[in-house]
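Heads up, the next two complexes both have chain A, just with different partners, chain B and then chain C.
So, the complex of A and B:
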């Protein structure tokens, strides 16, 4: 509750700051300090100190799982602000409003991670989506950005329509919005139809195949600084909503949807990884890589056990931090193709080393957080004792993903080239080093996150 | 069959017919006009459920504001019959199959439910009256109601970001 109200308040403050404050440094400082306050308030709530007591009529439930997830998201956003806030200046003149929209998105994230009613789920998903349509199209003079925004808006509105239809059908069958689980037996066909519609719209929001067609175009067309935000924080938030929905509401119907989710997972892994191999632009490669990582996170939805919950939290942290790091480096480059990274290690040895750690984490190499989170996912699926082909397929696809991540490393270290000259300030470099340090430490001590889930 | 039932069936048939005409019409302007007609039919159903407030809101918001926006977009883009893009035959077939499957599932879902128990409260229901609606909205659903203000605020900020001249 602390975080929910504070993010909304800071959204309003940032909105006002854009005409009250003239200096961009002040706006940036305000946003970063706002993020720190939100994070601190959320950590206090985890320790049991709640500032606001509001009777939500059991529509929002802040439990350990959602609070821990919110903390992970706020830490990721803080890192994102520290690394990339300066690059938002280049997008357009509405500097303060961009931060305001990002705070509103975070408000939606807290809602969709802690809903206990389908109404709140819908509001959360919409509060996430609408600012994103705007941020995608914020580079107004760029035609690709306009196209991406319109495409995202139309397809997103359509999938929201599917979600509303699903909610209406479920309300018709159960007579309530609250997600206490389907208890009626035999299960009415209305529930099944509603569940399928909800599944498809959530699969669209997390860009799981075959609902992924918008992802590459939107991620490629949007300004890189906002792609970084969309591909990480928003995606994992949609996953948490997906997991809560199918755990709380449809948990009793697991045998009915498990095969379908397994198929979606397999197709997502296949399409994401195989298509990423053929990309020439690193930005587009990262878009497909986000689809393939979504495939791994879908395994948690499939398994839906204690391992899956722990794994999804770990995966959110590992994936967000590593991807934000790579995008922060990518934003400094002018040429987004693989050749743009040629001889990068000679130019910027420190940046190249940290980028290598981020890529290794995404590929799932041991001693990084990415390895353990993939391990947790596979353990969760193996723990269900069914569909072992999915485990084998996921491992194979993880091997394929090594190819395209290592292509960047190979370009940085082993290829000759001019090397692009980039300006990187000292604080930027140290933040990246800190980020790489966190990723390695999480890869050695994953209990630092999982501990919080239980104690 | 009393007068309420006759009215109900008449309105329902009219709604389905006009909704079909929205899809079938070749000319986009006709589609919009049929859509307005559909909204009026649905508003008629609200009246029969004794929900006058919803009836007024449906007319003002949907048939009024949103449809005007629709017409403006169509006029600005100057859409007419000749400019409609030709779609590939296989694409159309795929659309028919996919839509037909959804229709099949929904019909099967609606066929099996027990409607006898949950008859619509025609004439007797009072939940749609403005007083009762307000009580529910500000007691039971006050939190989602307040949260939706964040949604609208973010949409307004977005409009300014997109619309402001640089």
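So, the complex of A and C:
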């Protein structure tokens, strides 16, 4: 509750700041300190200190799971601000508004991670989406950005329609919006149809195949600084909503949707990984990589057990931090192709080393958080005792992913070239080093996150 | 040197260390030094100084990175040899791989990037399949723990045990390598910097053998028995295949690479015979093969450096100008093919004895004879190579000759001394490995199966 209200308040404050504050440094400082306050408030709530006592009529449930997830999101956003806030200046003149929109997105994330009613889910997803349509098109003079925004808006609106239809059908069958689980007549056509519609619309939001077609174009067309935000924080938020929905509301129907989710998972892994192999631009490769990572996170939806919940949290943290790091480095480059990374290690040894750690984490190499999160996913699916082919398929796809992640490492370290000259400030470098350190530490001591879920 | 001292210290005292790691899934940081670990840690501890001494004069670009990665790889190797927790084992397994990737890609030959990438993809595929197997076995353990003693008690049914067996076996077979999963090996050995090749072939290949002994044989003993003949056939096919290719080779590095593959195949075949003497033979041979092959690489490295070629057809009569090198090399090469008085003989004799005495396979005579043929083939390609490279007339290229440097002489001399010491007095190693191999065979249930 703390974070929900504070993110909304800071959204308004940031909006006002754009005409009250003239200096960009001041706006940036305000945004970062706002993020710190939100994070602190959320951590306090995890410790049992709630600032606002509001009776939500059981429509929102701030349990340990959602609070922990919110903390992960806020930490990721804080890191994102520290690394990339400066790059938002290049997008356009509405510097304060960008931060305002991001805070509104976070407000939506808070809602969709803790809903206990289908209405709140819808609200949360919409509050996330609408600012994103704007952010995607924020590079107003760039045709690609405009196209991406329009595409995202049209398809997003369509999937929202599906979601509303699904909610309506479920309401018709159960007579309530509360996600207490389907108890009456689980086989009725209303329930099944509603469940499928909700599944498809959520699959669209997390860009799982075959609902992924918007992802590469939108991620590629949007300004890179916002792609970073969309591909990480927004995506994992949609996953948490997906998980909550299918755990709370449709948990009793697991045997009915499990095969379908398994197929979606397999197709997502296949398409994401195989297509990423053929990309020439690192930015587009990362878009497809986000699809393939979504495939791995889908495994948690599939398994839906205690391991899956722990794993999804760990995965969110590992994936967000690593991807934000890579995008932060990518933004500094002018040439986004793989060749643009040639001899990067000679030019910027520190940045190259941290980028390598991020890539290793995404590829799931041990001693990084990425490995343990994949490990948890595999364990969750293997724990169901069924669909062992899915596990083997997933790890083979993880091997494919090594191919395209390592292409960047090869270019940085082993290829000859001039190396692009980039300016990177000292705090930027140290933040990256800190981030890489967190990823390695999480890869060795995952208990730090999981402990918070249970204590 | 301090590393050597540290590990030797580790070897004399029976060390065990246990600490909680990821307690929520019952994985602990648990390492213990048994006989198998002793012999392999000793090998690592001997191999690293040898490698560094013999390449003392080699100049690397960014040498601090090179040595850091080498030592990181050593940490990974030692960890693999000591880990008694499956997840920890997997961690170290990968920790040894990553530095190898960077070492080969950064400092290797001209085709290094593609070749190393193939190597990496190969081994990564294997290891991640092994991870699936580990997780699956873990879920079947009664206490839900990654500890090796829990793995001994896992209750896998027969068909899933077969699956798990193959998933794990592929990982180990790629490291050995066992035919037909070997295609990364000759290229990688050829393209890597020699110091790394020494470690890859001398020490890292042993990770696969260790995996089979410690994690496959006692844990999945029924499948190990069930698929024994299949695997032995693969291994022996690979031995003959590799030996025949080695005879055709003109490149010294590739010749040694293929000979190494043949020797590792023999170890694999012997393991699946599941006998006491075979098992001890494998453990001793791991050490012997490790140091012998390092000796061979040392000489090949300096031939290449001095004469600018590794082609057997272009070299001739080296013995006239540098008799010391020829003598030391011949000793090591003969040890490699297992001539009596050398360490190779002890290992190979025990292994052949093991295969022949095997109670778990009906085809022990066939296996022994076919494996024996590869010894003859090994003699063919080794002696042929020695004759062409070291004897005969000197040609325009080799007439300049080349005296051994002090550090190379030292490294080779240490190896030759070890060759003879183990060849004449193998008792130390026999004692070291006896307890462990008895324990593992008991876990593998060979005695129970056949009333021995």
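Everything below uses one rule, namely that the second predicted complex is superposed on the first by the 453 of 455 C-alpha atoms of A that agree within 3 Å, B and C clash if a C-alpha of one lies under 4 Å from a C-alpha of the other, contacts with A are read in each partner's own complex, and residues count from 1 in each chain.
Simple rule for what comes next: contacts are C-beta pairs under 8 Å (C-beta built on N, C-alpha and C of every residue); 3 or more make two chains touch, one makes a residue touch a chain.
These numbers were taken from a predicted model, which means no experiment stands behind them.
J.: For the overlay on chain A, clash or fit between chain B and chain C?
T.: fit
J.: In the superposed arrangement, does A:104 touch chain B (first), chain C (second), both or neither?
T.: First partner only, chain B.
J.: In the superposed arrangement, does A:378 touch chain B (first), chain C (second), both or neither?
T.: second
J.: In the overlaid three-chain picture, which partner chain does A:45 touch, first (chain B) or second (chain C), both, or neither?
T.: After superposing on A, A:45 lies clear of both chain B and chain C.
J.: Should A:56 be classified as contacting the first partner (chain B), the second (chain C), both, or neither?
T.: first
J.: Regarding the shared-chain residue A:8, is it in contact with chain B (first), chain C (second), both, or neither?
T.: Only chain B is touched by A:8; chain C is not.
J.: Of chain B and chain C, which one touches more of chain A's residues?
T.: B
J.: For A:139, using the defined touch cut-off, is the partner it touches chain B, chain C, both, or neither? Pick first, second, both or neither.
T.: neither
J.: Considering only C-alpha centres, what angle arises at chain A between the directions to chain B and chain C, nearest 10 degrees?
T.: 140
J.: Using the superposition on chain A described above, determine whether A:396 touches chain B (first), chain C (second), both, or neither.
T.: The answer is second: A:396 touches chain C but not chain B.
J.: Examine A:360 and indicate which partner it touches, taking first as chain B and second as chain C; both and neither are also allowed.
T.: The second partner, chain C, only.
J.: Superposed on chain A, how close does chain B come to chain C by Cα atoms? Whole Å, please.
T.: It is 38 Å, taken between the nearest C-alpha atoms.
J.: Give me the intersection of chain A's contacts with chain B and its contacts with chain C, in residue numbers.
T.: none
J.: If we count contacts the way the header does, which residues on chain C are in touch with chain A in the complex?
T.: It is residues 22-25, 87, 90-91, 94-95, 98, 102, 105-106, 112-113, 117, 120-121, 124-125, 128-129, 131-132, 135-136, 138-139, 163, 167 of chain C that touch chain A.
J.: If we count contacts the way the header does, which residues on chain A are in touch with chain C in the complex?
T.: 310, 360, 364-367, 371, 375, 378-379, 382-383, 385, 388, 391-392, 395-396, 398-399, 402-403, 406, 410, 413-415, 445-447, 450
J.: Note which residues of chain A are touching chain B in the complex, please.
T.: Counting only chain A, the residues touching chain B are 8, 11-12, 15, 54, 56-57, 59-60, 92-94, 97-98, 100-101, 104, 107-108, 111, 117, 119-120, 123, 126-127, 130-131, 133-134, 137-138, 140, 169, 172-173, 188-190, 192-193, 196.
J.: Could you pull out which chain B residues touch chain A in their complex?
T.: 105-106, 108-113, 140-144, 147-148, 150-151, 153-155, 157-158, 160-162, 164, 166
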